[in-house]
Structure formats: structure tokens, C-alpha cells
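Look at the two complexes coming up: chain A is in both, with chain B in one and chain C in the other.
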Partner chain A sequence: MNFRKYLKIYKKFLHTSLASELEYKTNILVDLITAILSLIGSIFLLSIFFQNNGYIGGWKFEQALIIQAIYTILNGITNTWFNPNLTEIVKHIREGTLDFVLLKPIDSQFFISLKKINPSGFLEIMLGFFLLIFCIRVNQISLNLIFMTLSLITICCSICILYSLWFFISTTTIWFVKTWNAIEVLRSFLYIGRFPLNSFSFSLRIFFSIIIPIAFITTIPSEVFLGLSQLWKILLEVIVATIFLITSRKFWLFALKFYSSASS
Partner chain B sequence: MISNLINRKILTLLKVQYSNMLEYRVEIALWAISGIIPFFMLNIWTNNNLNESINFSDIMLSRYFLCAFFVRQFSVVWVVFSFEEDSLMGKVSPYLIQPLNPFFRYFAQHLAEQLTRFPFALMIAFFFFIFNPESIWIPNLGILLLSIVSTFLSFLIQFLIQSIVACLCFWTEKASSIERLLFIPTLFLSGLLAPVVSFPTYVKSWIYLTPFPYLIDFPASLLSGNETNISGGLSMQILWIFLLFPLFRKIWSKGLKKYTAMGS
Partner chain C sequence: MVQNIIDVKNLSKSFDISYKEPGLKGTIKHFFRRQTKSLKVIKDISFEIKEGEIVGFLGANGAGKTTILKMLCGLIYPSEGSILVSGYLPFRRKENFLKNITLIMGQKQQLIWDLPPIESFYLNASIYDLDKFEAKKRIKKLSEMLEIDEELFIPVRKLSLGQRMKSELLAALIHEPNILFLDEPTLGLDINAQRNLRKFLQKYNKETNATICLTSHYMKDITSLCKRVICVHEGAISYDGKLNLLLKKLSPVKEILIVCRSEKDAITLENSGFTVKNKSKNEITIKIENNSITSSLKTILNNFDIEDLFINEPPIDEIIGKVLIKNDYDI
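Then we have the complex of A and B:
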């Protein structure tokens, strides 16, 4: 019953935000070109790294491409859902329109996390999938059921972690009002997800797996694809993702207690 | 008389914007942190011994990336985003009445922000030297002055390019997506992620004809004491400014005729 209600509301969200975004059709085209160029750019950078080396942090070029593919898919998801919605939170809080959201008889986190959608991110997700399929061919990965479920689980966990990170920072807006730059910091850290974790020095590796778990986001799913991942790593990712999701929820409810409208 | 007036205008603008920026110290600190990607890149380079192939010693490479960080800090431009917001909110109209091109206001904003950012950038450099004490060096005064000049020229080039893109707001309303598109080649070709010297020859053959390597690679190599063609680099920077400035003037006067006030 409840689930059906939310599904129905989500359909409405999709409809309205697609309608408003499709008004800027050239924008979508420009965004697509941006996504393609950005992928070409990072492959170019990788090729510089591999110019005279066969391996980077134990990864071959074809293997490192899987990371690029997963990064592109996740980046597409970020651009489709997380970025447009969570920048909206900042606006809601600054202008005090969060009042209207809180008054609605639905969950506020659901509303602000899924209200908007940016269709140009879809193209990026597709681009990532094409690269992934290409990688599966090149690396001669055999597709079986266990592999499919494991990779699906890890990618879902990555999405959860990514969402929690974004949501966490956006929530801090309630205290700091302007968190635009904190989001920039997160973006620049996420950039690291384009490279295998092993290519960094030990201290950075620790930093990126404990303090900001970027390592989990792209490296573990890629390892699953290559069949390199141990079971405990996958389990660890599931645990981390659960912890992140629960904390982000708790943090949002906690932060709401401090929300004191604006203006008017 | 006239120059006196201009001086007073510029000084007042700078003072106002500087006090404005001081209000947002935390944000600017965060922004400074978001620029640390070059250090992550340095980590990949040195950790995998990638620099051996391009005849770059570890120390020179770490100096290069530190300088790239500095140059980037003092040449970041965001005029498109400010202008887009102002023009969508109808804030440009009052600026247009004033006997001063609105872009001077943005220009002063950027300079003031750089001034505020300076201590934070120094702090990050200080930490960098604590971790890499062997890379400390003192450039001689002439080189230091020249690199400050070339960093400023790089800032000017980027400011002009973005102002031209910003003027597209008069036609399309959402010019920032074009800026995001232009940012991709800037990111990958400017030398922020890898020194231009390391690029494959098929890129090196044409890249010096574009403005990109003069944005970060040239000033950073100059400051870090790596080999560069000083006079050639400086004259290319000046050439690009001479090419871009009339273009900006033209598009500004054309766009102004197109301008329709938004909102209220």
C-alpha cells in the first residue's frame, strides 16, 4: 500500500521533471558531448600512464578500463539523480522552502532525493555500459549467474555509498547554509575513483578506504568483474553501504531538528 | 583625470569585493582544498615510477605538480556561473545602468577571491613541504616575477574565454553547460593532471597551437624550474589575449542588443 503510493508519486516526479528538462534540448546534446569528451580524456590520461609501463598498481590497461566504465556509469547516476536533487536541497534551505516539503504527507528524504531528474545523465550511463560490454569482451570474462549477482550487488552498494556521501554533505547545509564548495571537494575526491586503488601510496589507500570510502565505490566492483575479489571484500562493501545508508538517514532526521526556516 | 577616475573605480570595486569575500572564508578554504587533484596525480606518478620514461626526476615532478596546484588556484574562473545566475534573476539590469561594464565587477570579484585564497594555498603548500621536504626550492626573483605574470595572463585568457561563453547567456539562458564542455579539454590538456611533456607525440604536435598548455603547464613549468621556452610561452599567452579580447567586445555588444530583462 505504502510502497504503491510512493511508486505512484515517483511516476509523477519523473513526468514533471522530464517535461521541464526536455525544454532545454540543446543542453542535453551539449551534456552528451561533455560526457563523451570526458571519457575520451580519461582514457587518454590512462594511456599516458601506460605509455611505458605494462602495469599500474597491478592492473593492466584493459583491466583499468573496467574501472573507467564503472566510474562513467556511477557518474551518470550521480548526474541523473544525486546532483540535481541535492543541489536543490541547498536552495530549499537557503530560501526556506523546505517548510513546504516538510508539510507534505510523505517522507521528506524521499521527496528531496528523488524529486528531480536530469535526462542527460542517462546517456552517460549508456556510454558506461557500452564501455563495460567492450571490456567484458576484451578481458574475456565469462558471464555466469553467480558473477552477475555479485557484480550487481557490489554496484548497488556503490550507488548506496555514493548517495549517502552526497546526501550527507547536502544535509550539512542546515547548519552552514552554503555547502556548494563542500560538494566541490567531494567531487574532486571522487575523481580518484577513476584509478585503481593500488596505484596510490599506502597512506592514501588507507585514507580512501576508511575516511572517504571511494575505494569501495569503483575498485571492488571492478575486481568482481575480473574475478579477483575475495568474498570478505564484497561482504565488507555490503556492510559499509548499509552503515552509510543508515547513518545518512539518522543524520537527516537529526539535522531536521536544527532546521529553523529562513526569511518570511 | 580619466585615469584617476578609473583607478578610483577599480580600487573601490576591489575593496568592496575583498570584504565581501572575507565573509566566506570557510568556503574559500574548501575551494582551495578541492583543487588538490594535482597531488593525487603526483602520487600516482611517483608511486608507479611513471616519470622515469619522460626524464623527470621525482623532485622535479613534485615541484611541477605543486606549481600546477598554485597556478590553478590563482587562475580559477567562474564568471559564467555568476553571470548566468545574475542574468536569470534579472540582476544584470541594474548593473547595465551603471557607467561600468559589469564584467569589471566580476573581474574584481575574482581578484579579491584570489587574495583571500592566498593564505589557504600557502597553508596547503606548507603541508606539502612537510611531507616532501626534499622538494623545497626557492625560485630566483626574476623567474618568480615572470611566473606570476604568466599565471595572471593564464587567468586573463580563461577569464576572457569564460566571459565569451557567459555572453552566450543572452541567447541560450543556460550557458554553463557549454562551459562544462569547455572545461573537459582544459582539465586534460592543460597539464593539471599530467605534464604536457609526457603527452604522446601525436598530441604534442598540435597542442601548442591551442591555448590549453599555456593555462597551467607553461606557468607551472616556469615556476618549478623545468625547461620551457619562456619568451615563446609568454608571447603565445599575449597573442591569445589579443585574439580573444576583440571577440569578447564584439559578442558583448551584440548580446547586449539581444538582452531582455528577466524577472521583476
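Then we have the complex of A and C:
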């Protein structure tokens, strides 16, 4: 893969996508207001849960806010990249416009995963980071190199897991044609990721760790921030993320052999 | 000697098609237990296309023309047989192969809807590894050939269908491909836009010696661009050869309406051995075989006092249409 060529193409993607979005100013404004209100609403909801009892699943409100911050960052990434691109896969396959993607001399997964961006998602990412910085101060977390490296690794792994799950579901469109519902279910599960894994029953914890690994997406990075995480958990997250990424890639290449294109 | 650029041998393609009975009962049955059947849409076809050729694929709706084009450009995996395009196996979609071809579909678009076409051109230029200077040069050259100028800077959603199609062509040709696959490129365009597009394709073929594979339901596209046609009927090739030979075969005679100066001349002409279709007063319609048309007309003009003369060619759409539906070449 020619890295410089792909970087150049990505710059063009950014440019055209931003230009497209900026054609509709009101839409961007509404998206920005929604992002702010959504974060305020989530924090308010979380505070209600902690009103009667100071702890949920062994987590204090200030600690649980870290999960909310990581969730907000991930949701921002979802809204910036995954939502505009990966939901388009279904449209590409249904309408046959995937033909144009497959006939371009670049990697088709790169093209359909990164062609568009939604700039309003950036605000959500920024809000998430502000909340995270606030949580670091409130929870008196000392920032050192190991801590920074581990948190970066776990957040990157979370992004990879989330992307792979979403991409995997979208790829099944090649056989099932419509998979909107499955993506909505995934998004609903992601909402659950705003709460500490320990606050769920044992069976649900197993479900959210093994079947749909939401736990890996938010709880493990949060534990790193609080110094609660064990090394094996971080290693496990790295392994899970790698397996998910490789599987989604192989699955995409396999699925393309069954692509029949839409009739003209 | 001109090289073969496309080589297809014993190509077949089957699809699993699901069937649904009508009504609520059928819908529920279809939801729980889907009945599928393997349908062979392309049946053991073989053909070769030479570099620089313009070949028209003719066939009724659902005959398999688009499926053939999509297999040729590597979008669909063949079930059986082999395809070689420019020395590559298309379905492997190697970078160098993809840089050599383009697919234009009249009913689908790749341009970014909310932005002017020029943005899509530069995006495609970076995908095809062209520097800004080269991209600018090619955009200028192609926009001149396509006669578009201001349209390059107007958002795609505000362009007319004809302007959009020209822009689609420019986006698809910016990498100067050697092989063009065109699937109904003139679909929905008005007569002038169709003519301009055909003019452009002829010019492009002449200047670059690009090979063009074209499907169209407009016979004018085929007759003005293609010397060779491949007729596809229910997934099999029913004719592969020169278009004029096909037309001669299908329509061996021409009807000629002759207006004589006097009724007497018309009567003499009626009795001079020509096959007469009808006659009224000084007008007479005769049938002449294509291969003797020049000599017959010479005889008529030399021996009779003719006021006017009309050669009626049977409409090509009608002739080809009959063939495509009935698959009968002996009409």
C-alpha cells in the first residue's frame, strides 16, 4: 500500500466531504446543538442513577463520568466517520453504486470507510476530551507516560472493535440487502457502554464481554484511567481488537466474491 | 496485426433467484422458507474484441448484456469459463487493470451530488495518481471535447441530465482508459444530448484508439457508433458480426416509391418485371433487392420519365426489435 498516495487521497476525501457538509449550514448548526444537549442529558441521567446510592457496581459518580467521557469521544468518532460512511455501504449495495468503488484502483475498504466525514461529530469528540480532562482533575489522576500510552492503546482498540463490528454487519448486506436494523441494535448496545460493566448482572456481563464486546469498548479504557485495570485485560483488549479487525477485513474480501451488483 | 484486447471463452454465470407467491400467505411463506432457484443468466458464450473496436451489445431487457459488461470489468465473478481483458483476469481487479478501464452507467452516478463536478474530477485524479498539473490538463482537454465549461463549477444537483452525463463521462475518463464499458450511456437524454455524446465517443475512439463496449436500447447509438454487434438472447449469443451484414440479412429488400410524370409511364414500369407492392395513378412502389439497387435505379432513370423518387428503408428499431424478441434471423 502506497502510504503517501493514500494520505493524499484522504486529504481529498476530507476536503470534498467538508465542502459537501458546509453546503447545509443549518444542518450543521442543528447537529452541533444536538451534540451539546445530548451530553448534558447523559450526564443528568447518570447523576439521577447515583442520587440515592453513591456507588453503582463499585464506581463513584466522578469515576463513572470517565466512562461517559470515553463514550462521548467514541460516539463523536462514530458520528464523524462510521455513521456517514458505514451506513452508506447498505445504500451502495442496494443501489449498485458499489460498482464505482470496486473499479477504483484503491482499496475498497479504505474508500467506503473513510470517504465522508460529518464535521459536527468533531464537537462531540472535543466535548468528550474536555469532560475527560475534567474527570482527570476531579479523580486526581496523575498523568505519566505509561498511563498515557495505555489509555491511547485501549481507546484505539475500542475504536477498532466498534468499527469492525459495524463494518461486519454492513458487509452482510451483500447477502441480506437490508441490515439497517442490525446497525440500530448495535448503536443501542453502545448506549449501554455508558455504564460500568460491574453494574450489570453476571449473565449480562458475559454477554457484553463475549457476544457483543461493548465492555471492551468503554469499561477497559475507563479502568486504565482510574488505575483499576489489570495488564491481562489490556492485552485481551488488544487481542480482541486485532482479531476483530482482521476478521472484518477477511470477511469483506470474502463477501465481495458474492457481490452481484444491482440490476440496471 | 491488431491484437485481441478482450478474450472470452465459454463464459457462464448463474444467480440464485428467490421466488415469491402472491398474497399474504405467499409473503409469510417467503419470509420463513425462501424458495430459491439457480438461474443461468449467461450461457456458454465466447467472443473476442480487437483493440480500438467499438462493439455494441444488443438484446432485450434481461437478456444478459449488463451482466456480460460487469463480468468483463471484473465486478461479477463468472461461474464458468474464462475472461482475459488486456491480459488480466478482470475479477482479480489488479491496480494496473483498473487504471486501464472505465465503466459508465447511464442510470447510476459517481459525481458528488452537492458539489460542482470539478471537485469529483480532482478527487478521481488523486485516486488515479495524477498530479494537479496533469489533472488540470486532462480536464481542460476533455471539457473542450465534451463542450462543457461553466457547468464544471455548478453543483451537480443543479445540472440538467445531459450536463450531468457529460460530467460523468469526464469523471470516468480522466485517467485516459484504454477500454470503455458503457451501459446505456444515453438513457433519458434528449436527441441533441444523445447526438453530442455519440459525437464525443467517436472522437475519443479516433483520437485514443480506445476499445468501446456499448449497450443501448437506442438503435441510433448502435448504428452510428458500432460496426460490429453482438446480439444476446436469453444469455446466449445469437449473432456476432458486422451490423450492416445483419441488417442486409434481416432486410434484404428496399421499397422504392417512384412518382412518374404520366400514368402511362407508371403502367409501363408496372409491367417491366419489377416486384410491385402497390400502384395508384402515376405513383408506384416497387421492391428491389439490396444487392441490385444501383443497377435497377440506373435502368429506371434511363428508361422512364421520373418526377420524384423515395427510397424507404425499413426502420432499424423494428427489424432488430423483432430479432431480439423472437431470436429469428430468417424474417
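By definition in this document, the second predicted complex is superposed on the first by the 263 of 264 C-alpha atoms of A that agree within 3 Å, B and C clash if a C-alpha of one lies under 4 Å from a C-alpha of the other, contacts with A are read in each partner's own complex, and residues count from 1 in each chain.
Here, a residue touches a chain if its C-beta (ideal position, glycine included) is under 8 Å from a C-beta of that chain, and two chains touch if they have at least 3 such contacts.
Quick caveat, the model's predicted, so the values are computed rather than measured.
Once the two complexes are overlaid on the shared chain, A:Tyr259 sits against chain C while remaining clear of chain B.
Contact with chain B, but none with chain C, is seen for A:Phe44 once the two complexes are overlaid on the shared chain. Contacts of A:Lys8 after superposition on the shared chain: chain C is touched, whereas chain B is not.
In the superposition on chain A, A:Thr26 contacts chain B only, with no contact to chain C. Contacts of A:Thr34 after superposition on the shared chain: chain B is touched, whereas chain C is not. Judged by the touch definition given at the top, the superposed model places A:Phe200 against chain B, while chain C stays out of reach.
A simple residue count on chain A separates chain B from chain C, and the partner touching more is B. Counting contacts as defined above, chain A residues 24 meet chain B in one complex and chain C in the other.
Within the complex formed with chain B, the chain A residues making contact are 24, 26-27, 30-31, 33-34, 37-38, 41-42, 44-45, 47-49, 51-53, 56-57, 176, 178, 180-182, 184-185, 187-188, 191-192, 195, 199-201, 204.
If you check the complex, the residues on chain B that touch chain A are 24, 26-28, 30-31, 33-37, 40, 43-44, 46-50, 52-53, 172-174, 177-178, 180-181, 184-185, 187-188, 193-194, 198-200, 203. If you check the complex, the residues on chain A that touch chain C are 5, 8-9, 11-13, 15-16, 19-20, 23-24, 95-97, 99-100, 102-106, 257, 259-261, 263-264. Here chain C touches chain A in the complex through residues 15, 66, 70, 73-77, 93, 95-96, 98-99, 101-103, 105, 107-110, 112-115, 119-120, 122-124, 126-129, 155, 183-184, going by the rule given at the top.
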